[in-house]
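Chain lettering (A, B, C and D) follows the sequence in which the chains are written, and residue indices restart at 1 in each chain.
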Amino acid sequence: MVYSGEPVLAEDLLFKPEHSLIEQSLHSRMGATTTNGDGFGIGWYGEGPVPAIFKSVEPAWNDRNLREVTTQVRTGLLFAHVRASTGTPVQRSNCHPFRHGSWLWMHNGAVGGFHELKRDLMFAVDPSLYPDVEGSTDSEALFFLALTFGLEDDPIAAVARAVGFVEEQAERRGIPNPVQATMAASDGHSVWAFRYSTAHQSRTLYHSTNVTRLRELHPELEMLRTLSDDTRFVVSEPLRDLPGAWREVPESSCGIIQPGDDEIRPFEPTRPALVL
Amino acid sequence: MVYSGEPVLAEDLLFKPEHSLIEQSLHSRMGATTTNGDGFGIGWYGEGPVPAIFKSVEPAWNDRNLREVTTQVRTGLLFAHVRASTGTPVQRSNCHPFRHGSWLWMHNGAVGGFHELKRDLMFAVDPSLYPDVEGSTDSEALFFLALTFGLEDDPIAAVARAVGFVEEQAERRGIPNPVQATMAASDGHSVWAFRYSTAHQSRTLYHSTNVTRLRELHPELEMLRTLSDDTRFVVSEPLRDLPGAWREVPESSCGIIQPGDDEIRPFEPTRPALVL
Amino acid sequence: MVYSGEPVLAEDLLFKPEHSLIEQSLHSRMGATTTNGDGFGIGWYGEGPVPAIFKSVEPAWNDRNLREVTTQVRTGLLFAHVRASTGTPVQRSNCHPFRHGSWLWMHNGAVGGFHELKRDLMFAVDPSLYPDVEGSTDSEALFFLALTFGLEDDPIAAVARAVGFVEEQAERRGIPNPVQATMAASDGHSVWAFRYSTAHQSRTLYHSTNVTRLRELHPELEMLRTLSDDTRFVVSEPLRDLPGAWREVPESSCGIIQPGDDEIRPFEPTRPALVL
Amino acid sequence: MVYSGEPVLAEDLLFKPEHSLIEQSLHSRMGATTTNGDGFGIGWYGEGPVPAIFKSVEPAWNDRNLREVTTQVRTGLLFAHVRASTGTPVQRSNCHPFRHGSWLWMHNGAVGGFHELKRDLMFAVDPSLYPDVEGSTDSEALFFLALTFGLEDDPIAAVARAVGFVEEQAERRGIPNPVQATMAASDGHSVWAFRYSTAHQSRTLYHSTNVTRLRELHPELEMLRTLSDDTRFVVSEPLRDLPGAWREVPESSCGIIQPGDDEIRPFEPTRPALVL
């Protein structure tokens, strides 16, 4: 889940259940009622340009420190993630979001054949970045590849090259359909939300539309009144059945939440043609 | 879940999935796929008369230390429990099973109105036992009341008085249907499994029947061949649909697994008529 | 440690080592170099009247979430505590500070014979407060006794009665010198710091004096320049050898940090003469 | 610490204080009184050829599960380690001992300039082993290099090449004195204990001598009576001042504890002359 909008208490975004657009999503995704019990994390921009992260292997609803902290933290840009491990250890350093400098990154999905590909992918990471890798997951590998390929300068091109590189390596080893990914990245100002899979059968991704319009449609929803006009949510699953509230990010595309008008751009991997 | 039988590796009971009678139960109950994510615990008898306990607030399937330990521990009497918190903190001291001396105790269910009743119940605990209470749950309160009322001498009578005392206190305060409980207790030799609720609408409780008979019925099940004749499981939910494999512990009764023949006895609370 | 002053980043108070008045104290007290490894906690006032608490059984210097959070939290009133267990379980609910409503409480020291006294003390806690006790420590018992005896109305009188009650119960049971305590309480506006022991051999307690004066004495200390004039620290041990920086809270007294002039008042327990 | 001898309860090795040769060492090394608070671990051989490991980031003395487990585990070959982080994250996967197949590995010391060298070192790990690396430490890198260079066939030669390789890479980058290491490895039958540093100023390493002889010298020590003749301890620091009890492993050598007579062999790194 990504929240972008006026600074609000993180608690209101994560734990306040009444009239919340995201409660259902979080309730299911943050470990209370589903199999997503392999850790959670939030990242948020507040004081200074570097976002803070709070990650844990305990189920989010059980983490009392998380609940305490969210009562005190105001943020206009929050990432929240619940992890379902695909085999790598359940430990804090493998929880999302990942951070590098002022960038946050999170990923739902998996790199097929990662155990086999891991070494190739890790050694393509820029040597100056390599020592900063702390965990052992495919998601962090994707992040560091994207950083290697220029995430900080041109996020869409960098992610396209990172994904293309993974596909290239997988092809070399005969691994079919290696990439399944919804991913989000932010520099604290804009958010890039990617939906892509090699097989073009990607997990769903939705973003909320104009709050002004929603408010007109749903005057009974108190929470909508308190949200600023530029509020946006990005979520994996359609939430409440509010007609007009959610727009699907199309297959193979990238949604950009930014100052000014949001955008949806097509997303296709590019082969970086690295010689290892 | 309770296992009683020949000493086997705890790993075989808890994590070996193939041909396991209990895999389904544990898979659902130990945190991998359900809402029971508020901690787990095992207790087992091995070296010496005092059982060991391993309890944690991490989901059981994620706890690497648990998996390691179960590869090294042989036991003929194992309790395993997954906790769904009913409001008290998620911390190790609130996880089941509970232990006192050579006794183990675990409980599924809840004491209705516990927040209101807690003080009355705790001050009925024998003063010499009181300081040993480590957690803050209704389940541990029931255990210490049962100990107070003679668990070590006459388990059924003691639990009857403990439950009766809770019902008496609840009545005084106008709390309806206070007790909902399946409970198990053991001294390392026998296991007492209780099924009771004030409203006589108790959670289910099953125990496995004679393994010899099962083996005849299901010659294809490899695991059955390795189990000794006196193997017994006690579980909350019917497992595989093996006709003849499971017998329901009836409403308001106590099943006793013991050397010699097992027994089922009726269970009714008695009012201890304590003057506080 | 208590900080009272202009809102500052918690990180600056807890982790910034350079030129910090409190670094030495925290470095030793927060688990990096001493035996105080049984958990830590911070409590702070920020958004709203209810303070937030962050407590953990990991050593403070290892807790990455703590470090992250402190980069984002500004507070003008912070409690920090490192626990050395005196026997009760090492679990979050036993870490300091404790909170009730808008009050924070922490304690260094011990109640002698607590295992023996626990039931008497807990029984004297107001029944309406009793269910809110979450842990099992002498420190939390003292807090709830103080709340029972009116902490929210008259902190010094309430703590005097709480301590007196403990001494009375200890006397009944022949336990000598039961109370050893430096304690701090706050409602978010003032801080009461107590130094008392039955044997009148109390652990030390210091508070910082006027920052203006310190600044004149130590123009070379950068940190002093950034602190507001009303900044106060309360600590257990003398820090840097800054002549004039620290004033010892005398034996059997209570220091009050409050808007306007600070005060030191004598502190003597009173026997509440409860009939149990 | 390494214990090799008759199977004993792990509890007796780790926690029983009375008359214990190793109590002092463990008391200081397992987190109760020193700065070594960044996690601990034990590994032991018991059921089957694969050793079990129990590792945690909590201080060892606070880990109730550890204490429980040690009351139930008998082992004739135990590794115990307390970690002092040199910068890499404090998480279970970075705690010692490390395991691969039937091998255990632990390390005290550091690889100088590891942040800079990490990529070169990891790249030299055999690609078939690479994906099994779970943590991010220099110690695990050394282990996987030793495995790459044939630890399972010729431990001393393999460690010599691993250390030599690290020194070679460090030289290429101008990093002086890169290796500081006492290391222990075992396959469940023998134990190899290395003492080496590039600067030939290695941390100390001691092994206990013949217990029969010790028993004669110290008839008053009860614990010695219960130990079998082939009992050996390897420790970092001299323990009790028992004349004749401890023999220092010399600088640049490897002690081998094995069936039959123990050995001390000189240890010198060899340059594997890898072309990267």
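The criterion applied here is as follows: contacts are C-beta pairs under 8 Å (C-beta built on N, C-alpha and C of every residue); 3 or more make two chains touch, one makes a residue touch a chain.
Per UniProt, the chains are A, B, C, D = Class II glutamine amidotransferase.
Keep in mind the model is a prediction, meaning the values are calculated, not measured.
Undergrad: Would you pick out the chains that touch chain B and also touch chain C?
TA: Touching chain B as well as chain C, we find A, D.
Undergrad: More contacting C-beta pairs: A-C or A-D?
TA: More C-beta contacts join the chains of A-C.
Undergrad: Taking the mean of the C-alpha atoms as each chain's centre, how many Å separate chain A from chain C?
TA: 40
Undergrad: Of all the residues in chain A, which ones touch at least 2 other chains?
TA: 64, 89, 92
Undergrad: With touch defined as at the start, can you tell me which chain C residues reach chain A in the complex?
TA: Residues in contact with chain A: 9, 44, 46-48, 50, 52-56, 64-65, 68-69, 71-74, 92.
Undergrad: Taking the complex as given, what residues does chain A use to touch chain D?
TA: The touching residues are 88-89, 91-93, 115-116, 118-119, 122-123, 127, 130-131, 133-136.
Undergrad: Under the touch definition given earlier, write down the residues of chain C that touch chain D in their complex.
TA: 31-33, 35, 37-38, 57-59, 61-62, 64, 85, 89-90
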